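You will see two complexes here that share subunit A, one where it goes with subunit B and one where it goes with subunit C.
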Partner chain A sequence: MSKATGTEHMAKGHRAVDGYDLYFGPVHPGSGNFGVKLTVEGERVVAARSDPGYLHRGFEKLMEYRTPMQNAVLSDRLCILESLNWNLVHAEAVDRLCGAEIPRRAKCIRVIMAELSRIQSHIIWYGVLSKALGFDTGFKVAFGYRDYVLDLFEFVTGGRVYPAGYLCPGGVRRDFPDGTKKRIEDLLVTMEKMVLEFEAYDSRTMAARCHGVGVLALDDALRLGATGPVLRACGLAADVRRDAPYEIYDELDFDIPIREEGDALARSIIRRREIGASITIIRQVLDRLPAETLPPIKPKVAVKIPEGEVYVRNEIARGEAAVYMRSTGEAQPYRCKIRGPDLLHMIPVLEHLLVGAEVADVPAIYWSLNICPADMDR
Partner chain B sequence: MIHMALGVIPQLIKNLFSRPMTVAFPHEAIPIPEGYRGEHTYDVDRCTSCTLCARICPNRAIEMIEAPAERQETYPKTYPQIDLGKCCFCGLCQDICSSGALSLTKGFFLSTTDRLASVRFPFPTDDEM
Partner chain C sequence: MAGVNSEQQRAELLEVTGLRFAVEPHVAADGTMWISAEHERLPELLAFLRHNGFAHCSAISVTDWPEDGEFELTYHLWSYEDKILVTVKSRIDREEATAASVISLWGPSAGIHERELHELFGVSFEGNPDLAPLFLEDWEGPPPFRKDFDWRAYVREAFYEEGNSREQSYWD
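After this line comes the complex of A and B, so read on.
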C-alpha cells in the first residue's frame, strides 16, 4: 500500500491510514496472560508477533533448589489447566532416575487421573473457545460440566484445581478414598451426556464460525513443531501414548482421532472426540484396577537422587510435554528442563496462522490452538 | 434458521423445570470431602519440635520459633509458626508429622484484611489456656 500523508488522505475525503499495530492482549479479556502484536491493514492481519513473558515464574530454576517431593507440588503450577498431567511427567522423570518400581494400582490411578485431567482441560478449551466466538452459552455449559470433574479431584486429592503433587515420585500420595470407583463411573456417564451436547453445538455454532478459519497445512505443522490435537487436526496420528507408551497405555485399546482439514473446526472436533477416547480409556483402566490398598507416601526430607539424566515425554491435553532431568547425586536435581507444547503453538504456529487472517477471526484462531500462557512462560 | 430455532425449544422447556448447577451459598453449601486441604490445626503439646514440617515446606511458610520468655519453662524448644499467606496447602507438613501434632482441616474461610491474622502463632493464647 502506498504511503500517503494524513493531509493527502484528508484531501481525498477519507481518514484511512496505511496500517496500524493492534495489541491483542495481554490485558484483552480473551487473551490470557499473553499478547500478540498484530499489524493490520484494514480488516486483514499482515504481520503478527507474539509477546510472551508475562507469566514467567522461573520454574526450572526453582526446581534446582527443591527436593523431588517439593517439586511435585510445584509441578501443579506448570499448567494450571491440567496440573495432574504435569505431575505425572515430573514423577516419571524422578522415578526413572531413581529406578523406582511403581505398584500396578498406582499406575492405574495415574492413568485415570491423567485422563480425567485431559477431559477437564478439553472442557476448558471448549469453554474459552466458545467465549472467544461470542457464544456464551457454550462457555457456561462447559464450565458447569467442568465442576463435576473438579468435585472428583477435590474428593480424591483434597484440592479442586491444584492436586498438590498427587501423582508424585513413587506412585500416588494416597490411595483412592472409598467410593471413588462409583463416583468416576457416574462422572463418565455425565461426561458422555456433555459430549453429545457439545456435538450439537459443534454442528451448528462452531461450524458456522470456525469452518475454514486458521487452516494449518500438515507440512507447516511439522515444520513449526506442532504436536497433540493441533497436529492431529492436520491429519497425522501422532500420540505419545501410542508411539512411546508409558504407565499402562500399551495394554489399552483406544482411538486417536484425526482430521484432515487442519482448521479451527477440525481442532474443535478432535477435542470432542478425544474426550470420548479418554472416557473409553478410563473405563478400561477401572476394569483393570487391582483390589490391593496402597499405603500413603510419606515425604522424606533429604533423599538423594541417583546420578544420571533422563528425558521423559508424555501426551498431555495440549500436545507433547517432556521433562529433561539431570542429577549429580544430590537431593535436588542439577537441571530440570521443561518442554511444554504451548511454546511452539503460541509463537511460531500462532504467528503463522494469524498472517492473512481477518481481525474478527483472531480470537477463533488464538483459542482453537488451546493455548496456555502458564505452560509457555513457565 | 427455522431448524435451529426449533432445536432450542426442547432445551428451553427442560431449563424451566431443572435446578441450576449452583447452590445458594451461604444458605446452602456443597459438602467438603474428607481429606480436604484447608486451614491447619496444631497441637503444641503433641509436637516434638523435630522441625521436619519446616524443612519439607516447599514455600518456606513454616518457621520454627521460640516461645515468649514467660512461657519458656513450659515450651523450651522451637515450634512451627505457619504463615498462611505463603502456604500452598499441599499437606506435606501433615504427611511428614509423625506425632500428629499438625494436620489440615476443612476450614477455608481464610480471607482477612489484617496481614498478621494470616500468621498462626503456635502457642495457645491466655484465653485458650
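After this line comes the complex of A and C, so read on.
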C-alpha cells in the first residue's frame, strides 16, 4: 500500500490503482467542517482516519468565563442544526444546580420547541443525505419544508437558526406570542404532508442506495458509543426521554421506533418515523399547555450559581447530549463539560463503518449517521 | 435524572459498592449516583460497575484544581438495563497526571474521551494506544483547558498588534 497521496502517486507515473490516500472533506460540498482520510485500494476503503478540529472554538473554556445567561446564548452554537435542543440541556444543568422551580407552561414550551427543533434537524439530515446520494429533488423538497419550521422559530424566538438562548435557565426568555398555538397546529399538518412525501421517495431512491450499506452490529454500537437513532437502528430501544424523563416527557405517550438491521436504510427509516413521533408529542403538549402568562426573563447581574455539580442528559435529534457542570458558588461555572453524540459518531463509529466499504458508499454511510462537526469540536 | 423503575436497583447497588470498595456513594436530588474513590481503587471499581450493567460510558471529564495540585477525573456511566446514572470521581496528582486507561472496559468510546482529555488537559492514560492530537493543529503550548493557561493573553499576543489603534481595546 502506497503512502503517497493520489496526486503524488500519479505524478510518479503510477496508475492510481494499487492504493492511495483519498480525502473526503473538509472541503467536500457535503462533508461539513470535517474531513476523513481514507486509504483506498481499488474501489475499497481499507483504512479510515477522522480529521476533526476545524470547528473547535473552545466552548468549555469560554463558558468558565461567562454567566449562565451568556452561556445560554453560547449554547446555541453547540450545534447549528439543533440549537434549541442544546439550549435545553444547558438550561436544565443550571436549573438543577440552582434548584429552580420551572413554571409548568415554560416546561411545556421547552418540550414543544425541543421537538420542533428535532423535526427541523431530521429535515436537514434528510435533505443532506438525499444530496449525498445524488437525489437532488429530496434535498430541495426537504429544505423547502424546513423553512416553515424556521418561520415559526423566527416568530417565537426572533432568530431563524440561532434562538439567542430562548430556552434559558429559569424557563424561557419570553412567552409564546399571540397566535402561536394556531401556527404550530398548522405547521404540524404541513409536516405530516412532508412525511408522506418522504415515505414515497424512501421505497425507491433511499432503499436502492442505503439497503445493506454501513451495517452496524449492536455489540459494536455499544462498544463504539453510538446513541440515538444510530443505536436504535441496531435494535436497542434506548431513549433518554423515556429512560430518564426530563421536563414533562414522563406524562407523554409516544413511540420510540426501532429497527434490527443496523444499516443506513434502517437509520433513515427511524429518523423519518421520529418526525411522526415528535408531531404526536407536540400535539399532546399543546393540549396540556396551561393558560397562564409567563413574565419575560431578563439577564440579571451577579447572580451566583450555588456550589455543586450535576450531570444532565437529554435526547437530542442525533443522540445523547449531556452537560457536566461544576460550580464553586461563583457567577460563572467552574467547569462545564459538554458531551455531544457526534464525538462518538464521527470518530469511532464512522471509522469502523468506513473500513471495508466501497468508495461510492462513503457519502451514504457518512450522512446516514447525521453528523454535525459543531458539537464534536465544540 | 432518575431512571424509571430504578429505585430498587439503585438501593442494591449503593449497598454493594459501598461495602465492597469502602466508599460512600450518595444519591443526588435528581436521582443520579455519585461515588468518590481513591485513585488506587479506581480500576477495580470501574471494572466492577462495567460488569454490573454499566455498558455505556457516557463521558469522561477532567476538572482542574490547581490550588490543590490535583486533577479530578469524572466517569459518567449509564446502565441501559437498570436505568441508573453513576458518576465516579477520583483525584490524581497534577504534576504527574497519569491514569489507567479504561479502553479494556468500554472500548473505543472511552478511548476517544481519553484522547481529548490528553490534548486539552495533558492527562496521560496508560494503555491507550492512540493519544494523538485531536482538535488542535500544530499546537506546542501548554494544554489549553488547564486553569492556569491564560487564553486571553495568548490570543492577544498571537493575533493582535500593540500600538495598532484599531486593536487597542485588547491591550487596555
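One rule holds in what follows: the second predicted complex is superposed on the first by the 361 of 378 C-alpha atoms of A that agree within 3 Å, B and C clash if a C-alpha of one lies under 4 Å from a C-alpha of the other, contacts with A are read in each partner's own complex, and residues count from 1 in each chain.
Just so it is clear, a residue touches a chain if its C-beta (ideal position, glycine included) is under 8 Å from a C-beta of that chain, and two chains touch if they have at least 3 such contacts.
Since the structure is predicted, the reported quantities are computational estimates derived from the model, not experimental observations.
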> Putting subunit B and subunit C onto subunit A via the overlay, clash or fit?
Replying inline: fit
> Looking at the overlay, what does A:363 touch: subunit B (first), subunit C (second), both, or neither?
Replying inline: neither
>> Between subunit B and subunit C, whom does A:298 touch in the aligned arrangement: first, second, both, or neither?
In response: first
> Of the two partner chains, subunit B (first) and subunit C (second), which one does A:341 touch, if any: first, second, both, or neither?
Replying inline: neither
> Touching A:204, do we find subunit B (first), subunit C (second), both, or neither?
Replying inline: first
> Which partner does A:159 contact after superposing on A: first (subunit B), second (subunit C), both, neither?
Replying inline: first
> Between the C-alpha centres of subunit B and subunit C, what angle is subtended at subunit A's, in steps of 10°?
Replying inline: 100
>> One more residue to check, A:319. First (subunit B), second (subunit C), both or neither?
In response: neither
> Looking at subunit A, which partner touches more of its residues: subunit C or subunit B?
Replying inline: C
>> Contacts for A:333 in the overlay, against subunit B (first) and subunit C (second): which applies, first, second, both or neither?
In response: neither
>> Between subunit B and subunit C, once the two complexes are placed on the common chain, what is the minimum CA to CA distance in Å?
In response: 10
>> Considering only the defined contacts, which subunit A positions touch subunit C in the complex?
In response: 52-53, 56, 58, 60-61, 96, 99, 222-225, 227, 236, 238, 242-246, 250, 309-313, 320, 322, 324, 326, 334-335, 337, 339, 343-344, 347-348, 352, 377
> For the complex, which residues does subunit A have touching subunit B?
Replying inline: 66, 69-71, 73-74, 144, 147, 151, 154-155, 157-159, 162, 164-165, 173-174, 177, 200, 204, 296-301
> In their complex, what parts of subunit C are in touch with subunit A?
Replying inline: 1-4, 28-32, 34, 55-59, 61, 63-64, 74, 76, 78, 80, 83, 85, 87, 106-113, 116, 134-137, 144-145, 151
>> If we count contacts the way the header does, which residues on subunit B are in touch with subunit A in the complex?
In response: 4, 7, 21, 30, 32-37, 52, 55-56, 58, 88-92, 95-96, 104
